[in-house]
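The following pair of complexes shares a single chain, subunit A, combined with subunit B in the former and subunit C in the latter.
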Partner chain A sequence: MRPLLKFSEWQLALPLGLAFVALFLAPLMLLVGVSFFDDEKLTQPGVASWAKYYGDPFTYKVIADTLLLGVKTVCTTVLIGYPLALVYLDLPARWQRVLLFIIVMPLLLSVVVRTFAWIVVLGREGLVNQLLLSLGVISEPLRLLQTELGLVISLTQIEMPLMLLPLISVMSRLDPNLRDASAALGASRWRTLFTVIVPLSMPGLVAGCLLVFASSTTAFISQTVIGGVRLIYLPLVIWQQALIVFHWPQAAVASLSLVVSVLSVIAALSWLGRRSTGYVHG
Partner chain B sequence: MTSLRSPTRRSLLAGTAALGGASLLPRVAFAKGSLIATTYPGTWEDAYRTVVMPALKKKDDIDLELAPLFAMDQVGKAKAARGAPPFDVFVLDPGPRIVALEGGLFEKFDGKKLTNLGKIPPSLVDDAGVCVGAQVVGIAYNPKKVPAPKGWKDLLVEPWVSRLGLTGFQTTFGTSSLIELSKQFGGSLTNVEPALAELKKVLPKVAAVGLPAAMPGLFQQGQCDVMYTNTQTVATLRGKGIDIAFVKPESGAIAFFTTMHIAKGTAELANAYKYLDLVVSKEIQEALTKPPYNFLPINKDAVLPPDLPMKSLDEMTGYVQHDWAKINPLRASWIEKFNKEMAK
Partner chain C sequence: MQQQRQSSTVATARPAGRTLDVEDVTVRYGLALAVDGVSLSIEPGEVVALLGPSGCGKTTLLRVVAGFVRQAAGRVRVDGAPIDHLPANRRNVGIVFQNYALFPHMTVAENVAYGLRARGMKSADIEARVARFLGIVQLEGFRERLPRQLSGGQQQRVALARALAVEPSILLLDEPFAALDRNLRLDMQIEVKRLQRVLGLTTILVTHDQDEAMSVADRIAVMNQGRVEQFDTPLTIYDRPNTLFVNGFIGTTNLLGGHIAALADGHATVTLDAGATLQVAAPAGLASGAPVLLSVRPEQLTLSAEGGPQRWPIEPGLSLPLGSQLVHEARTSDGVFLKIVEPRRPVPPPTGRSYCALAPDARPSLFPRPT
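== the complex of A and B ==
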């Protein structure tokens, strides 16, 4: 029998659990509570805020656009990040450190600086346009800033560390003998990639996708500064309702919509992740 | 692993205890007096940190702490704090001022406690607070790229429309400008539909639609060459060597005043009056008009800087002014409408 005074594991988690309840769960419940008021002064309880929000077809467009932005960013970060992670694995240790530093660098810069740098790159008189104009590829500057294309390009760079770090940490733990074994058994490099490396790296890939999706769908500064306000995503709506219009019930409804829609995609991805882990080890 | 784990756990517990303990300590005042005042991020923050903060310390030995927040954020934070203000003094534009007034967020203001009261036009002090600066809004353009527009209507035709940078109803200057634009097409203070309808027609040509805070950056990068803004932004950008000029529209420039208010329930009432008295003094008002700050003063003795569309404070009273008590109730629906009309 265990001695009475010894901490069991759940007791050790208690401070974190309490902090979680006080700092996350309680405000979330407050948010749910606020959403069930009809007026800005929070005097009349009711469901009018929900009815108004979901009675407007524009809402569905905003939610769909927000989720789609996340999906597009995830796709581009996977397409660029995965090959980069493979390159990383094959590099000598010294160069791995250099590459890791380059990968982490965007995280070391303030989001405002990163965002402004993209204005300089994508602007009408920015680097890309000047290069293309001087090469004679285009005669008029391309419109890159304030377009979804420009936004996805910049988010891909900004969110890349969130994809690469979990991916690299999982992939560098793979047994190198597996690759050799696969080759020895006659599999081509592509076959080894798709039947050995990709399935084994799935937990890292799913974790990366989760982080990039959650971060890009909520990236208010990048969305509004690079995308402009003609591209309307949920964070902009929440900001307007909470801090410009002061209709907190409406802001709460929009916030909960963001939480629920992002969480449902994340839940689906985690389910996929768990399945793939089962597949690898099962 | 075990050898690593236990010190980590212990130091974590110690760290948590230290943090928790620190938060239990009472707020300690380190100087004779202290005061937390809000300021707008950017030029306002720079100016108040460089000019006002040392002056207040020198004159009254008060440690000023500045909280950089936009007007609506201040009102939001004060409302959320419900009676325990997170700062002692607000700085607000006319629209948010009314929201805060309706929310009962201010102490009653007694202008007689200001030694500089006689130097401020009487209309700029009331029992809610005191004006500390003025803003004049009109059209800014890049003279090297486009000719000078004459009025609001010009913004919607070539060569300006394809170089136009737009903002919505989030700010005072944006709302005021869109109201004036609307008036040119038969709208009024409470009817901005004509402006939105006209904007929608030319939307594919418009160079940029952005957040107000992003506009100076977009102008600087050449993303747009015409925008509506205030004289202060124009002077600041010009100070950075950017080609920019200000035009007073034919129908008149817009003027409004930025005010300061004492937060209800503050423990630093006397210090708040000392701070406000200093802010409206000739010395501070004049120092703030100089580059790179370029404020418009409200003290009658302060000399107006050159390059302004007006020569005196009195001239500004003839400019277009808007009644924000009428605008505020409509603004939420305007913002929603702007989102829908402008969305891609």
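== the complex of A and C ==
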């Protein structure tokens, strides 16, 4: 019997490929095109937008702040997420399901809801300040909203699932006998952690870092609502240029600089990740 | 007592092995008893196989000795000293897992060196020890390979070298041959046995394969439902199984139903339902008239053409030549299927042999029939 339709494998990927070209590649090309105009009416081709943007020292501070915000969020999610993943592995299956639900919950809520919840928690009259005041730890309410500290705290919670899910998926595929083998050979728990578990969970850790970094550097709503207008990151600049100043070439330049700077950090991280993969299924 | 044990089984030229005593060990998983009051006393340099179906508690018992599982009651002693309070990494026990559990991100040499590094040994000494043990398992040329670049047998030898390099006091093998194909399995069994002899290591082997237990172990503990049913040499277990479970688990057997007609000085006259009266050795605890099962190995039955008081009629079935043996199938008058094995001779056996009897040297076992 001959099949009625015969597809080779690349043809099956065609719908997705077309969607990518139409919805992703074409807009990106458009963005590049728009960036090479000098005026907001898009009549004067030129490189003035690029020159103006990169001639301004403030630009470099914003880029640095944006990347630094990503790095800080990655650090806190790793510091909290990695031990949490280890705890998860040791739990009985029933409690694993409970913990997994708690971990995934932030993903089920809208970003706006999560962000406004953090305002309630971090505000002057918020949960944290009320608690610290009543405990007598502080005498004046702390300023947490519109500070980088508050932003990093809330981003840590908001981005945590993106760190934990890849980490848990890689870690739970590790052979549990490896830990026993290590212990039987005389290794302490810490030695087992750093010589066996951490190296073998590297692919999950790198994937988690990539996701958290990409997501936190571009988290426009959290950045503006919690960080406020005084903390300026690239997404805010893009928004201002595109929807307040209506200077699209400037917005395009800022967008491209966000894409390029985030992508270059991601490329470096995934290069590190590739060097450590291949052991898990080995 | 310690000295008696040492002189009894281990020649003085060998490095002294340790005694291992498991005393009334009980392990609970929730409400279920995984191990139920098991006691085993293992001599220095002895290989003991824990044999049983899956879920019988054999692996759990091994994990108690290794320190991965804490027992609810009982003790484990090495050379008389309890080790229960020690965590797994302070017990100096070598273990080889069924899937070998090699560290996939480390080379062969790094795997073997792992336990030595954990002990803070000097790197020159580690180097020498790794070279020595890779030599022992004949993998000198594979130092820089990663585990996934090795075959199953090679991986197992690495796992063995890794476990032995730390000079453990006890060697634990958790179904180590199960993942190997048949020929390689036999080679590795001989290899492990040889190494164990040379090093004089007291060894526990967990397996569900009776042939493996028979060929590798000095003594076998047959386990069922968390208990040890019999702890004896392989031949004793094969020839004189204590219980019906052991009898059925080790080797192939025929079970014939019957009643005890008379009992005198340890011998019973058994009337078989198949229609014969036999004299067999009887274990204690059977009463006259009791329903029994007579267990006879296939090689302990013979076929003949003529009947008699100690022969019972059968309906012959298929005959299968299996290499040097001829396996006959037969059905008794009470509907039991028998398996009879005899050596294959150049001349085919005569036809029309419709009576079955015990071979002259047969040692059948008698068990009370479960109701």
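Everything that follows uses one rule, which is that the second predicted complex is superposed on the first by the 271 of 282 C-alpha atoms of A that agree within 3 Å, B and C clash if a C-alpha of one lies under 4 Å from a C-alpha of the other, contacts with A are read in each partner's own complex, and residues count from 1 in each chain.
Here, a residue touches a chain if its C-beta (ideal position, glycine included) is under 8 Å from a C-beta of that chain, and two chains touch if they have at least 3 such contacts.
Fair warning: this is a prediction, and the values are worked out from it, not measured in the lab.
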{"item": "Fit-or-clash call for subunit B and subunit C when the two complexes are aligned on subunit A", "value": "fit"}
{"item": "Which of subunit B and subunit C A:Val259 touches, first, second, both or neither", "value": "neither"}
{"item": "Which superposed partner A:Phe116 touches (first subunit B, second subunit C, both, neither)", "value": "first"}
{"item": "Superposition-derived comparison: subunit B or subunit C, residues of subunit A touched", "value": "B"}
{"item": "Touching partner for A:Ile80 - first (subunit B), second (subunit C), both, neither", "value": "neither"}
{"item": "Which superposed partner A:Leu200 touches (first subunit B, second subunit C, both, neither)", "value": "second"}
{"item": "Contacts of A:Val229 with subunit B and subunit C, given as first, second, both or neither", "value": "first"}
{"item": "Touched partner set for A:Ala184, first subunit B, second subunit C, both or neither", "value": "second"}
{"item": "Partner chain(s) touched by A:Leu142 [first = subunit B, second = subunit C, both, neither]", "value": "neither"}
{"item": "Superposition-derived minimum Cα distance between subunit C and subunit B (Å)", "value": "24"}
{"item": "Where subunit A meets both subunit C and subunit B, residue numbers", "value": "none"}
{"item": "For the subunit A and subunit B complex, residues of the former touching the latter", "value": "12, 15, 58, 61, 116, 119-120, 123-126, 145-146, 148, 224-225, 228-232, 236-237, 240, 242-247"}
{"item": "In the complex with subunit A, residue positions of subunit B that touch it", "value": "9, 16, 70, 72-73, 75-76, 79, 99, 167-170, 207-211, 214, 217-218, 221-223, 331-332, 335, 339-340, 342-344"}
{"item": "Complex interface listing, subunit A residues touching subunit C", "value": "175, 177-178, 180-188, 191, 195-196, 199-200, 279-280, 282"}
{"item": "Sites on subunit C touched by subunit A in the complex", "value": "63, 66-68, 87-95, 97, 99, 101, 103-105, 114-115, 118-119, 146-148, 162-163, 166"}
